[in-house]
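In what follows, chain A forms one complex with chain B and a second complex with chain C.
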Partner chain A sequence: MTDSIAMLARYFGVSIRAQLQYRTSFLLSAAGQFLNSAIEFLGLWALFDRFGHLAGWSFAEVAFFYGVINCTFAIADALTTGFDRFGSHYVKTGDFDRLLLRPRPTALQLAGHEFALRRIGRLLQGLIVLAWAISALDIPWDAARVALLLLTVAGGVAFFFGLMVLQASLCFWTTESLEIMNVLTYGGVETAQYPLSIYHIAFRRIFTFVVPLGCIGYFPIVAVLGVDDPLGTGRVFQALAPLAGVAFLGLSFVAWGFGVRRYTSTGS
Partner chain B sequence: MSQIEVRSLAKVFRVAERRAGLAGAFRGLVDRRIREVHALAGVDFDVERGELVGYIGPNGAGKSTTIKILAGILTPTGGTCTVDGLTPWRDRRRHAARIGVVFGQRTQLWWDLPVIESFELLQRVYRVPAPVFQRNRDRMVELMRLGPLLDTPVRQLSLGQRMRADLAAALLHGPKLLFLDEPTIGLDAAAKLAMRDFVRTLNREEGVTVVLTTHDMDDIEALCERIMVIGQGQILIDGGIDDLRRRVGNSRVLIVDLEDTVSVAALEDGLRGVGTRDVRVTGRRARIDFDAGVIAPAALIARVTSRFEVQDLFVEHPPIEHTVAELYAEHGEGEA
Partner chain C sequence: MNRLTPYTAVVSARYRNLLQYRAAAFAGFVTQLFWGAVRLMIFGAFYATAEGPQPMNMVEVVAYVWLGQAMLGMLPWNTDADFQEQVASGAVAYDLLRPLDLYGYWFARTLAFRTATTTLRAIPMMIFAMLLLPAFGLADWALPAPSGAALIGFLVAITAAALLSTAITVLAHISMLWTLSGEGVDRIMPSFVTILSGMVVPLPLFPDWLQPFLEWQPFRGLCDVPYRIYSGNIPIAEAASEIAFTLAWTVVIVWFGRFLLSRGVRRLVVQGG
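On to the complex of A and B.
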């Protein structure tokens, strides 16, 4: 484990140095990411400026949801470039063979493909929004709350990482571009920026049991904010919910394993 | 136990047949015709420690399939294979830590990184202890003459330089078995010679077992004591170069340097009734193709020296390309 982390750190070190060689390009794309999500947030602000609140949620509360999910996604996004480009970079070119020739798990090597520094733009924007939300809300912070917030972020990173692993796994069957998965990744971020309680019950079920977006955002955040859940869930469930993200990642690795086995039996 | 043991190894690929045209593509969506391709149809061989084996065959004969299975990146459909006691595709990671692989057409290095940084990353990936790594690295840098190239990004290397770096990279973790897939492809004459030198040194001095696939018969003649020829998924010949030649008959060439220029007609006249196949003359040198089973080389030489003034003469085997081409023709293979 520590050995794997050391290897990943080495890969990231190399990747970061490579990106810093093209400093202008890095600064521009990071700024682009920042502005992109900042403008999105401006839209949210305009909405609240006009209507005051959203189904009983204040602007600051929604900003908290927004900030957490964007930080989460930014971190996962930075770690998964290798999976995002898996079809075009590894399967089509046969470069996946190179990973199979090395004595390490293929998924670990792919995670090391790049540490995408440009995602710092979204992360920064998410952190600013989160900081503002925290200052605007009167949350009685204690160790348990901080721990749960960190667990929420960890579960969320695991969930989005799992989505990317799943997307890459599909490339073993089709090398066509998988636009449909963007519905879950970018669409997922959009969805989880708002409290789950505003959605129709059918969507709430899907986002809890199928694609557990609610479990890595809404439910634990409700506990962190210390408000009662309009959906009626209890504190224990809310605190454990982020583990669904870890379970989701586990399942995505099972799919990945099937894909690798298919690759090694067909040779393409 | 042999280092590599391969028994009845079989690989069947199921290939969806494509139909012509757009309409055909749509039909293919609902009604897929699957064709079975037998890339390997029962292959058996052993490789002992320290051997240098040439593995040759036309495109599509099953060479790459065999190498991929031995390297652990392809699962066979039948048969068994162990390398140092491990089954490559089942113990992929442990197996990968013990072997070195170089694909001539594809680099194992990081395209944008200086060579030395690729080496250092590989040290981590293969968990090579620092003192072992330093020793192997220094040895390889010296052997492959990589010193001046260490700080150059891989993408700026010439093909020959890149192959040297790739070969070094494959050996940093000290594997005792090396698979080389077309290591001289695309290299210029000097780089080819250098590459053969490295491979020979590795085999003789470091005791590394080498399995080498190539299309270049000069590689084979320069390096391999043993050759395996594969065609249509089966091993056609497994033996020394002499076995290969014997298998396709007794073709020989007698090369004669004459005192004076002699016309083809005069030569043919002098050899009438002996059973030679073909006579060519360039200047004072004559090349006489014959079958050693029809006329013994000694008898032919006696005949030539009795009729003509000879400065020098020697008997040659035909180039091995011809031998292999004849063998493929015998087995109905297209390309040689």
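On to the complex of A and C.
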């Protein structure tokens, strides 16, 4: 176990040094990431400027949802480039064979494919928005709230990591990476930037029970904010909800295991 | 007519090439449906508790959102990867040898790149949003049918938008003669294009004090003008002057592109042997 962590740290070290060799490229990518998510926030601001509130939610509250989910996704995104490129870089080329020959878990090696430093752009933007929301909101912070916020982020990282593992697992059947999963990753971020309560009931059910996006964003954040959930959930459920992200990650690895067992090399 | 043949041939060859990727088009279709639905629910929630009349009503917003999803690929938000490769490898030098006007050749190629996948996606998307959503009982979310005059105005405006979008993309392509990699433009362009065209939030919903600026910037011609003509938010009587606005910006950008290209070609150094 410690050996695995040391190896992952080494992989990341190499990857970070490699990316810093192309400083301009790195800075441009990070700036682009920052801008892209800042633009979304600008749109949010424009809507609140015109409408005042969103079904009773204030701008600062929605900014809190926005900030948390963007930080979460940025972290998960930085760790999963290997899974994202699994189809084109490993299955199609047959390079996955090499991973199988090494005496370490394949998922660990893929996680070490790249630590995408450029995601710092989105992370930074999310943190700025979150910091502003916290300063505007007057939340009575205590140990339980801080712990729940950290658990939310951890559950969220696990959830998005799980999505990427699922996307990669599909490549065992399809060879090519499927863009369709972007609906759940990027679409998930887009959806979770707003409170779940504003969506159609069918959407809410899917994003609670099938793809537990609401459990790693909306429900625990409602508890952190200390507001009553218009959907009527209780505090215990809200506080435990982020664990669904961890469970989702676990199930994704089960799917990954199935995939690895049926893998046949393309031979190229 | 004869002098145009090489350009039309370029357009049709690129079209056939780009239309090969049907699975990718299907994935894009589903993604955009999802995106459209999420955006409608967000706008719907804002409108449900809105006080007083807004610069656009919800029906007009619904049309704006669906047309935006249908025409998404037509926005000048990226550059042609094939072209990037040509610049990086130096193969772009062959283009200089062709007995064609270089800007015209690149414009034709880029026009196909910009519109091929969009034509494949836009029509099914519009049919789906207009006819199938009501069949599922989601009539409130359906793309409203335009009046005859508005439809004609829209078709003209969207053609002008395609030309404007192509001119902007060609400008980005030309910038690669200096930067050599399309990476910079590709990272920065989407942000400006999506917010200023109205893709993120319909432009009339921005604060009133920003409107004078938003009304004069060129990206408006890409989405805001055609979509609002379609929904009648821009009355048909004003459509002609709005389309002229789009075309005027197109001419300016084409002129600027030609100017840059003539300077770029003079200092072009072909890499390698």
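We adopt the following convention: the second predicted complex is superposed on the first by the 262 of 268 C-alpha atoms of A that agree within 3 Å, B and C clash if a C-alpha of one lies under 4 Å from a C-alpha of the other, contacts with A are read in each partner's own complex, and residues count from 1 in each chain.
Methods note: a contact is a pair of C-beta atoms (placed from the backbone, for glycine too) under 8 Å apart; a residue touches a chain by one contact, two chains touch by 3 or more.
Just so we're clear, the structure is a prediction, and the values are computed from it rather than from any experiment.
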item	value
Which of chain B and chain C A:Met7 touches, first, second, both or neither	first
Contacts of A:Thr191 with chain B and chain C, given as first, second, both or neither	second
Which of chain B and chain C A:Leu150 touches, first, second, both or neither	neither
Winner by number of chain A residues touched, once chain B and chain C are compared	C
Which of chain B and chain C A:Ser25 touches, first, second, both or neither	second
Contacts of A:Tyr199 with chain B and chain C, given as first, second, both or neither	second
Partner chain in contact with A:His53 - chain B first, chain C second, else both or neither	second
Partner chain(s) touched by A:Asn182 [first = chain B, second = chain C, both, neither]	second
First (chain B), second (chain C), both or neither touched by A:Leu100	first
First (chain B), second (chain C), both or neither touched by A:Asn36	second
Those residues of chain A which chain B touches in one complex and chain C touches in the other	none
Contacting residues of chain A [partner chain C, same complex]	25, 28-29, 31-33, 35-36, 38-40, 42-43, 46-47, 49-56, 176, 178-180, 182-183, 187, 190-191, 194, 198-200, 203
Chain A partner contacts - residues on chain C that touch it in the complex	23-24, 27-28, 30-31, 34-35, 37-38, 41-42, 45-51, 54, 181, 183-184, 186-188, 190-191, 194-195, 200-201, 205-207
Complex contact set, residues of chain A against chain B	3, 6-7, 10-11, 14, 18, 94-95, 97-98, 100-105, 109, 261, 264-267
Residues of chain B touching chain A in the complex	13-14, 65, 68, 71-75, 89, 92-97, 101, 103, 106, 108, 110, 112-113, 117, 120-121, 124-127
